[in-house]
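Please find the structures below.
Next, two complexes with subunit A in common: one pairs it with subunit B, the other with subunit C.
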Partner chain A sequence: MDFQGIYDRLRAIEAPGLEGCDEPRPANAETKDKGRGGDPFCLVTPALLPAFLEVCRDDPHLSFEMAADMTATDPGKDEEHLWVNVQLLSVSKKHRLAVKALLPKASPVLPTTSGVYRTNQWHERECGEMFGITFEGHPDPRNILLPDDWVGAPLRKDYEFPREYHGISCE
Partner chain B sequence: METQEHTATIAESGESRVLESGEREYMLDVRTQDMELNMGPQHPATHGVMRILVRADGELITGAQPHLGYLHRCAEKIGENVEWLMYLPYTDRYDYLAAMNNNLGYSMAVEALMGIEIPRRAMMIRTICAELNRIGSHLIAFGTYGLDLGAFTPFLYMFREREWMMALFEKICGARLTYSYIRIGGVFNDAPPGWLSEVERFCDTFEEKWKEYCDLLMVNQIFVKRTADIGVISPEMALDFGLTGPMLRGSGVDWDLRRDMPYELYEEIHADGAFDVPLGTGERGTVGDCWDRVYVRVQEMMESIKIVRWCLGAIEPGEVIADIPKTLRVPPGEAYVGIENPRGELGHYVVSDGGKVAVRVRVRGPSFVNLAVLEELMPGALVADSIAIIGSTDIVVGETDR
Partner chain C sequence: MGSLKPADEAMDAGFLATRVDALINWGRKNSLWPMPLGLSCCGIELMAMIGPKFDISRFGAEAARFSPRQADLLIVAGTLTWKMAHAARTIYDQMPEPKWVIAMGVCSSSGGMYDSYAVVQGVDSILPVDVYVPGCPPRPDAVIDAILKLQKRIERESPLKDILSGPDEVDERGSGQLTYQPNRAVERTAGDLHPHDPRASREDGA
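Entry: the complex of A and B
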């Protein structure tokens, strides 16, 4: 199925938390819109992300058996939201879907999706340490790549590089 | 007296059996203590700097917890701080055994945002390099796996062939391990004269040697006994854990991005019937065991040779790089591009706001994802088998930690 087919199906089964979609568009000089390239994606309410993914996995027409990737993005210092990006993959239907949830930077809290896809458990640990996102109900919310005592969320745009770490100068 | 009373209670609770001689044998519970065992960070079988905290009850593993991050080099953060073209050399360094494939994955992600057309000859050379690198990577996986299980000789043979592969890359780009040869828009330069015919000679020799390797290790009784029925991953578990590449195909799931979501020239190559996708069949044990995963890798080397041969037959003179400026400005947008690396799906999620520097470069490393399965796979296995299981996941720590 192409993106339009997947999106129509999601609307038909009233997938929980589905807010809309965003598709690539050409630039428009009149409105000073720079346009957007790349992939289309679905926008989902963060609190309902696990329920949404579960529907995507279990629906016989979508059957996204695998979460290929889960990550987050800080689009800029002045932006109010973080993006949580999930890339779904269907092995039997041979299609992909990009899912995005906008998470307020002020309270980056999200229910865990590791119950739906086990692979997300490690991805969420990485998102947690790199972006300071809290995953409620996560079975093992430790740091994964960074030391346990690391301060700050390094992939946030407002992250300040540490001057020293345990007496080791970083300058 | 006390002891007799104690045995009497056990007998009542049924924890006993009658032997042939008529004697009664009591099953007295032997209490042992779980032992925590640190495998790594310097353990040779972890294939890099990684630590696995193994909890063992005697010989039986009851829990395993991989600890990563010893090789974390902030690849994603660097991606947000250097220009698009400048990031390319960093991609070499995550899966350093398959650097060509990493270059290809990143270049394709940026090209997806830019919407540029790649010259056909460039795609041919890209495919040849990526497949040769796949062979080299699988040779290491296969050789070191034998080494893990005590077979030293195959390892040396594998390095002989890999050496030739690296010499080929040295001739085309000057580097032996970190190539940065596949660029955004094509490849850095054209193949030097005589290079393609040497690749053909490599293919001829490799086909011969490959049969020897199979005889040497794959059907070796000791090897089969150490790998068959060990570390079985069911197809459902493989999908749940997001496993890709030989880890997924070893479990019998028929999925290869080169065939099922073709990129570059693979659609054409597959339409010509030039390559198949080998799957784990449980020939020596259960579907999805360690032996099957190794079998898939070994078979894939031969498929790669077929793809290289197809390219050698179809390559024509022409441009090797599209016309792109020195300072790239990538149009705004976001794209996720996944390609079939030797270890599975290498995904690049790139976000641009139209500037010279990326907003986000996310790397989905197959080793990172494939490693998570150890948490589930190791409990219940024997300590001696843990080496076989870790080796069969074929991780590169540079990629798990990025």
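Entry: the complex of A and C
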């Protein structure tokens, strides 16, 4: 199935939390629109992301057996939202789907999706430490790359380098 | 071996006349036992240096020990992250005196291209470094040169003075400053530096 087919199927089964889709478009010089590259993606309500993924996994026509990746993006200092991106892969149907949820930076809280795809345990741990996202219900929310006592979310655009670490200058 | 001269008339009797300092230094410099701390690609060059092609055993430093308690030369080969810094300092502290440190490659010398939140900007902020080796990674001959330079430096030390009177100055660089204890909360107030981080504000009681 191509993206349109997957999207129509999600519409037909009324997948929970599906808000819409966004497809790449060319730049338009008249309206000063820079356009958008990349893959088309589905936009999902953050609170309903686990339910949405569960439908994607269990629906016989979609059958996304695998969460290939889950990560987050900070699009810029002035943006109010973080993007949480999930890449789904169906090995049996040979198709992919990009899912995106907009998470407000002021309260980056998301229910854990590790109950749907166990792979996402590690991905969520990385998202949590790098972007300061809290995954509610995560079975093991420790840091995975940073030291246990690290302060700050390094991949946020407004992150400032620590000036010292345990009394040692970092400059 | 300029300072270790046999007295001509004593040669037949089977003993040498020399200074104790010279004898100790001669022994120390020709049997450095490196502890390889291979942290990234520099570790591969380090292995080549120990192997038969470049053959560091020509200079008496081939007995690489992976236990710090049996080593006296710490070769920090590669990118040291803050997460690893605590382990590197512990390894250094476990090595018996006398001990020396070589910072191999730009990453361990200055952080190199990793001007990053995660990387220690030069291991000399936590360890007293004796010789820096530039290069990314340095060739094995460059590290051999560093060992030769270290040998020259050891030749000039006065071990007897240290033994009799104790060390006249203590190297405080970095010593005891890593207070990180695994699995224990460390007090800090960084909520102002990272206001967006929910973990930071929670610790400030906000």
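By definition in this document, the second predicted complex is superposed on the first by the 171 of 171 C-alpha atoms of A that agree within 3 Å, B and C clash if a C-alpha of one lies under 4 Å from a C-alpha of the other, contacts with A are read in each partner's own complex, and residues count from 1 in each chain.
Heads up, the rule we're going with is that a contact is a pair of C-beta atoms (placed from the backbone, for glycine too) under 8 Å apart; a residue touches a chain by one contact, two chains touch by 3 or more.
All values derive from a computational prediction rather than experimental measurement.
Undergrad: Check the residue A:Pro154 against both partner chains and state whether it touches subunit B (first), subunit C (second), both, or neither.
TA: After superposing on A, A:Pro154 lies in contact with both subunit B and subunit C.
Undergrad: Using the superposition on chain A described above, determine whether A:Arg118 touches subunit B (first), subunit C (second), both, or neither.
TA: In the superposition, A:Arg118 contacts subunit B only.
Undergrad: With both complexes overlaid on chain A, does A:Thr134 touch subunit B (first), subunit C (second), both or neither?
TA: second
Undergrad: Check whether A:Leu82 is in contact with subunit B, with subunit C, with both or with neither, and answer first, second, both or neither.
TA: In the superposition, A:Leu82 contacts neither subunit B nor subunit C.
Undergrad: Determine, under the contact definition given at the top, whether A:Pro108 touches first (subunit B), second (subunit C), both, or neither.
TA: Second partner only.
Undergrad: Please work out whether A:Met66 is in contact with subunit B alone, subunit C alone, both, or neither, and reply first, second, both or neither.
TA: The first partner, subunit B, only.
Undergrad: More residues of subunit A in touch with subunit C or with subunit B?
TA: Comparing touch counts on subunit A for subunit B and subunit C gives B.
Undergrad: Would you check which partner chain A:Val91 touches, where first means subunit B only, second means subunit C only, and both and neither mean what they say?
TA: first
Undergrad: So, A:Leu146: does it touch subunit B (first), subunit C (second), both, or neither?
TA: A:Leu146 contacts both subunit B and subunit C.
Undergrad: For subunit A, which residues lie in the overlap of the subunit B contacts and the subunit C contacts?
TA: Shared contact residues on subunit A: 145-147, 154.
Undergrad: Inside the complex, what are the residues of subunit A that reach subunit C?
TA: 105, 108, 132, 134, 145-149, 151-154, 156, 158-163, 165-171
Undergrad: Mind pulling up the subunit B residues that touch subunit A in the complex?
TA: Subunit B residues touching subunit A: 68-69, 72, 74, 76-77, 80, 112-115, 239-242, 244, 253, 255, 260-261, 331-336, 338, 345, 347, 349, 351, 353-354, 359-360, 362, 364, 368-369, 372, 376, 401-402.
Undergrad: In the complex formed with subunit B, which residues of subunit A make contact?
TA: 24, 27, 34-39, 41, 65-69, 71, 73-76, 85, 87, 89, 91, 94, 96, 98, 117-119, 121-122, 130, 143-147, 154-155
Undergrad: Can you name the residues of subunit C that touch subunit A in the complex?
TA: Per the stated touch rule, the residues are 82-83, 85-86, 117-118, 120-121, 125-126, 174, 177-180, 182-183, 185-186, 188, 190, 193-194, 196-200, 203.
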